[in-house]
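The same chain A turns up in both complexes below, where it pairs with chain B and then with chain C.
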Partner chain A sequence: MVRLVRAELRKLFGLPTAWVGLVLGTLAAPLIVLLNAPYTRRAIAAGTVTDTSDLGLRELGLGLIGPMILGVIMVSSEYTSTGPDSPGARQLTTTLTAVPDRRRLLTAKTTALVLVVAAQAAVTATAALSLAEVLHGDHTSMPAAARVAGAILYWTLTALLAYAITLITRNGIVPLTFLIINSAVVSVSYLLTKVTDLAAYLPDIVGARMFLRTADFPVEISPLTAGLVMTAWVAALLAVGGVLFHRRDV
Partner chain B sequence: MNTARAELRKLLTLPSLRLTVLLTWTAHLALTCAYRVAESRGEPLGDNAALAPIVYTQAGFLVLGVLAASSEYEEGGQIRTTLLASPRRLPLQAVKALTLAVVTLPVAATTAATSALPAGEATWTPAATAYLTLTTLLGAAFATVVRRSVLAVILLLGLYFIAGPLLRAWFATSAAYLPDTAALDPSRGAAATVGWTLCALALAALTFHRRDA
Partner chain C sequence: MITIDRVSKTKSRTQILYDVSFEARPGRVTGFLGPNGAGKTSTLRILLGLDRPQSGTALICGRPYRKLDRPLTTVGALLDGSGAHRARKARAHLRWVAASNGLPDSRVDEVLEIVGLTGAARKRAGRFSLGMSRRLGLATALLGDPEVLVLDEPVNGLDPAGIRWIREFLKDSAAQGRTVLLSSHLMGELAEIADDVIVIDKGRVVIQGRLAEVTGGHRTLEDAFLALTAADSGGSW
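Up next, the complex of A and B:
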């Protein structure tokens, strides 16, 4: 199993697009904290921002494009053809020749993805929070460890969500478009919360409840329930994706 | 003329383009309905209900452009066959852009009308149609340079949906220079959209002319 995970990690790090995801995802949040600093300072001085407990954590939402790319690319790269001269051959054919047991393969892939994204989330969360501490130290304190853990979990679950959707669609562009639009500053899910309160239980909205305190939520949900709801979404989609991956032809 | 007919047939028979158009229309209808419902509940989501859904559905048009251009470079290297049939690259590139515009125009017009007519602002339809068509051409030009669909989609959407809004929030003056401002405020961003699209098309033509296929 360790060898399988290592192989999957090596495949992932060999993809140029995965590096786009790694670099963008890791740098986005700290960079935004840095660039937002003058505005945040002015807002705190003017008194328009009274609750600073989300400083540094809120910005993590914009780095989510990283785990999304990683989750999608982990699957979609297997389904693209290996080269212009052999359009019929997909990497998945080779992968399954090496590891015919699809359940083990999927477990290894999932483990590799979780390892990479959790590490990325830990790095970027530390960087964003330390920067916020350095820049606005007098107004804010380091958030509790449980909230940081919630943020890391949110990143990991988002990557798994992207991964599960791609297992179902077997194509990278549809899930990527859908997910990136939804990670925009005003996301589609957020718009839906204005239409129906049920939208508060969509995975990306409910997940943010795990670590954000001041965001605009229509329904009161405790962080623990939020985590469980998002995990349930991801587990359901992963189950569907897993069954399809197990049953479908290559 | 033959080239145009061939390019047109290629675009019309690509299943991925048809799927993109269908998904875009579905998403656009759903968003337009969501905006109507939110407005009737007394929580309007934007100042301009005719244009607001387009801010999201323009993603479908970007993808449309990217897929139209990058399909030539996918498995099998169709571009080599294309160049064998019509070796003069600059005219070929011009014909490609023109046919894509012709194919996109009705799709864009339908999309624009879907959100503009119920909002009672039919006058926005031509502007929105032009914007969506230009956005598609920009996507296609970008993908001609990048040549890989997934990477092109990531970069374009990251630019339009993450970097763009942030830049507008940080530097208010930058709005007039960003290609996607026109979707929010047509009077301010129109020139930038046209300018960026023309630049992208010129860059695409240049690289297509110079680079190995």
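Up next, the complex of A and C:
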């Protein structure tokens, strides 16, 4: 299994798009903390921001584009046409002739993705929180380790969500567009929470409850419940994607 | 040794293979001949565990492909295209494939050398010409120094020098005791290198045997082939 995970890591790092996901995802949150610093300082001074417990953690939401890209391309790169000379040919053929046991292959892929995204999340969370500490140290204190762990878990589960959806769609463009718009432009999930409280249990909304305290939120959900609900979403989608991947002809 | 036993396959409600059975033996080049759409690629994909048959079995050295651990050390396969993601550099492609089967990185440089792509190792696969893509695909197939080679239309896109090279390469491989199965719709090409020939048409094997047996009373393999498949095809090529 170690050899399969190693191969999947090499495969991922050999793609230029993966590096876009890695760099964007890692730098976005610390950069936002830095750019927002003057505004944040003024807001604290003016008293419009009283609860600073989410400083450095809230910004992690913008970095989510990183794990989303990584999760999607982990699968979609297998289905991309290898070129105009042979439009039907895809890397997946090579992958499955090299590793024909599909269950082991998916386990290796999932493990590789979790390793990369968890490491990325740990780096970016540390960077964003340290910056917030340096810039606004008088008004904020390092959050508890459990909250940071919650944020890392949220990133990892988001990547797995994107990965599972792409396993089902076998194409990266639709899920990536939807996920990025939903997280960065107009949050459909958030709008739905205005319609029904049930939307609070959508994976992206509920997941943020694992580590954020001050977000506008319709129902009270504990961090532990939030983690379990998001994990259940991811597990269900992964199960569907896994079964389809196992059954389909290439 | 490759054993295909009564393989049938239906795709989108159309039956594309009917009880296909044949063997490819070690030390021989076996040609799998048929017009486009006859079922050659479908048969090879089932052999490689990529697609599932409705019935029948396809075995390599007595085992289904999906049961092989580190399959590249037993079977080298070349299907359509290079098999590499187009944004990936040739060497990076070969390196992950090597890692997946526990093969050393040094082998990557060896196969690049064998297929003559050493100079293009750092080029992205998407920028390769058709001939270079085929060479990269072949390099991938050779990584594990396999005893069985399965090649789908290997000469497609190769220039005359490349065709001559692959012909010699396959002959040498068989002479060393390897099992070589290659499909083609080019009869002239197969007549040059095949020891045994299987002719497939509309999903059914119409004849198989030694090259001389299949050619039979006909002047060339081409004549034999046309006689065998012309009954109602009306010249689909």
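One rule holds for everything that comes next: the second predicted complex is superposed on the first by the 248 of 250 C-alpha atoms of A that agree within 3 Å, B and C clash if a C-alpha of one lies under 4 Å from a C-alpha of the other, contacts with A are read in each partner's own complex, and residues count from 1 in each chain.
Note that a contact is a pair of C-beta atoms (placed from the backbone, for glycine too) under 8 Å apart; a residue touches a chain by one contact, two chains touch by 3 or more.
Being a predicted model, the structure only gives us computed values, none of them experimental.
*Asks:* Is A:Arg103 touching anything from chain B or chain C once the two structures are fitted on A? First, second, both or neither.
*Replies:* neither
*Asks:* Check the residue A:Leu192 against both partner chains and state whether it touches chain B (first), chain C (second), both, or neither.
*Replies:* Only chain B is touched by A:Leu192; chain C is not.
*Asks:* For A:Arg42, using the defined touch cut-off, is the partner it touches chain B, chain C, both, or neither? Pick first, second, both or neither.
*Replies:* neither
*Asks:* By the touch definition at the top of the document, which applies to A:Ile181: first (chain B), second (chain C), both, or neither?
*Replies:* first
*Asks:* Who does A:Thr17 touch here: chain B (first), chain C (second), both, or neither?
*Replies:* both
*Asks:* For A:Gln91, using the defined touch cut-off, is the partner it touches chain B, chain C, both, or neither? Pick first, second, both or neither.
*Replies:* second
*Asks:* Which partner chains sit in contact with A:Ile65 here, chain B, chain C, both or neither? Use first/second/both/neither.
*Replies:* first
*Asks:* Once the shared chain is lined up, is A:Arg3 touching chain B (first), chain C (second), both, or neither of them?
*Replies:* second
*Asks:* Using the superposition on chain A as set up above, list the residues of chain A that contact both chain B and chain C.
*Replies:* The overlap between the chain B and chain C interfaces on chain A comprises residues 16-17, 80-81, 85, 88.
*Asks:* Touching chain A in the complex: which residues of chain C?
*Replies:* 11, 45, 48-52, 65-66, 68, 71-72, 75, 77, 79-89, 92-93, 95-97, 99-102, 125-126, 128, 130, 133, 140, 157
*Asks:* Can you list the residues on chain B that touch chain A in the complex?
*Replies:* 23, 31, 34-35, 37-38, 41, 43, 45, 56, 59-60, 63, 66-67, 74-77, 148-151, 153-155, 157-158, 161-162, 165-166, 169-170
*Asks:* What part of chain A is in contact with chain B in the complex they form?
*Replies:* For this pair, the touching residues of chain A are 16-17, 20-21, 24, 28, 32, 35-36, 39, 62, 65, 69, 72-73, 76, 80-81, 84-85, 87-88, 172-174, 176-177, 180-181, 183-186, 188, 191-192, 194-195.
*Asks:* Give every residue of chain A touching chain C within the complex, in rising order.
*Replies:* Within the complex, chain A contacts chain C at residues 3-4, 6-8, 10-11, 14-17, 77, 80-83, 85-86, 88-89, 91, 93-101, 249-250.
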